[in-house]
Amino acid sequence: MSDQTAIEAKLRQVFEEGVAFNRVLGLKVESFDADAPKLRFDMKPEVIGNPRRQILHGGVISAVLDVAAGFAIHLAASKSRSEEPHDGHFPTIGTIDLRVDYLRPGRGTYFIATGRVVRLGNRVAVAHMDLVNDSGELIATGGAAYMVG
Amino acid sequence: MSDQTAIEAKLRQVFEEGVAFNRVLGLKVESFDADAPKLRFDMKPEVIGNPRRQILHGGVISAVLDVAAGFAIHLAASKSRSEEPHDGHFPTIGTIDLRVDYLRPGRGTYFIATGRVVRLGNRVAVAHMDLVNDSGELIATGGAAYMVG
Amino acid sequence: MSDQTAIEAKLRQVFEEGVAFNRVLGLKVESFDADAPKLRFDMKPEVIGNPRRQILHGGVISAVLDVAAGFAIHLAASKSRSEEPHDGHFPTIGTIDLRVDYLRPGRGTYFIATGRVVRLGNRVAVAHMDLVNDSGELIATGGAAYMVG
Amino acid sequence: MSDQTAIEAKLRQVFEEGVAFNRVLGLKVESFDADAPKLRFDMKPEVIGNPRRQILHGGVISAVLDVAAGFAIHLAASKSRSEEPHDGHFPTIGTIDLRVDYLRPGRGTYFIATGRVVRLGNRVAVAHMDLVNDSGELIATGGAAYMVG
């Protein structure tokens, strides 16, 4: 197993299985694309915010975008250190802040959250995120800043 | 039962029982104080983001602050219309955007989220929120804008 | 002169000449492209924040991104109403909130700010913005929500 | 002259005189209060955004809040190092991001911007800001994150 494959397997395991709240949301890694990694989750009762309208909870959207940003930054940080022997530990990152723009009601059968790293400094990383539904409609966008290293 | 008591009972039921995701988080109304209503939730495995460090998931923090803001605005909006006969329906509010500043790791046995309405217009409402732990330490602050009416 | 040309001439005059603070910044309309209109300004002493480092003032960046968002929304709103006779008045828009991510030091001889409308509702519009320097480096990104109508 | 007085005199000189854009805005130090330092500026044509309504430009508001946050963090950082001999240099701080909530139209004869440091870490500092007019009305609030050290 190559180093990169090992890193991806470990990242998938941490994000999908290791974090209880991600299991509640049902988050799965959809893509390890280096520039725009993706997570996916399905519509289900636990993620609904308005039972009458059957749309996503605003807090689920913010939570998923936060995870998508962290996932993108972990992936970018692990790639940028791929020369060094990998010891199975991921860098500790801490969220500084998070912003979400809610653009359309969260209707759909499944949803894809994408994170893109727009700045990867020695101390601070910034990611942009978006959430689309199974029709490709843009539900929300966001930005987040993290401490890294 | 007075109108205000009826509104509070209905709001509690909607927020605590009617929204599945709020039940996942374990959110309970702690205070109906008009200026600074509060929600409470307990530390438990489902809300942890980093199993090694046993701290709150950043997405849980953003989700709880989103609910606290919505709760404060619903409460303020229902009070500002208390002259009219109350029909059991709450105004439809839609989140425009949400921001969270993460100030300290989310350690504690329980947490209190407070919402404060800083602008209640005909079309747009704005709330500020904060989250403290059981020791009163400030974990996070936030702001959110909503469409109302 | 066509209606569209008249609208553009009027918009240019309002943004470049009618608003004193825009004159201080030296903002000029660079493009009326409907999807991504652009403003431009030159480096000059009045926009510098750190005399030693000769980089843009953070407040100048936030101010320019705010104007770029408002410009994009005015342009989109005027186009979406182009069926109606145009009376020379622009819709009143009010900023609800603004966020800026500072990605790189603001070095350059001139700068281009682009606004993109990502939501144009009856009541609320949302725009994303970015600022690049004369080398095409991304200096900052932002988002803003506005009341319209 | 005590060290603290010397630091304040230097900070005042840098913020009021050293930065050209601050001079354009007409910013003056109103208070060196450690918990909530204040800047002041007067209404004048250069800061108006809407000539018909005679209200502050949204970009002026964001710019002033950015300066108020940086001022509060510089002041807090210089106090936290007051044991060390002061060499006349201030720590380099870089804005990570900035958010502004616009709550009321910016009417008034003068305005006071206050910054409050809510987190002062080794690497990241966070401030909350507000802007009031000469009647004490809250015009805008904001938050900003900075790299320090």
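A few points about this structure:
When the chains are written out, they are named A, B, C and D in that same order, and each has its own residue count from 1.
Heads up, the rule we're going with is that contacts are C-beta pairs under 8 Å (C-beta built on N, C-alpha and C of every residue); 3 or more make two chains touch, one makes a residue touch a chain.
The shown structure was predicted, so the numbers you read here are calculated from the model rather than taken from an experiment.
Most remote from subunit A, judged by the distance between CA-atom centroids, is D.
When the CA atoms of subunit A are superposed on subunit B, the rotation angle comes to 180 degrees (nearest 5).
Interface comparison, B-C versus A-C: the higher number of contacting C-beta pairs is recorded for A-C. Between subunit A and subunit B, the centres computed from C-alpha atoms are 24 Å apart.
Centroids built from CA atoms put subunit C at 30 Å from subunit A.
In terms of their C-alpha centroids, the spacing between subunit B and subunit C amounts to 34 Å. Touching two or more other chains at once are residues 96-97, 99, 101, 126, 143, 145 of subunit B. Listed in rising order, the residues of subunit A touching subunit D in the complex are 96-97, 99, 123-124, 126, 143, 145, 147.
Interface residues of subunit C, counted against subunit A in their complex, comprise 99, 101, 103-104, 118-119, 126, 128, 138, 141, 143, 145.
Of all residues in subunit D, those touching subunit C in their complex are 18-22, 24-25, 45-51, 57-60, 62-64, 66-67, 70, 94-102, 105.
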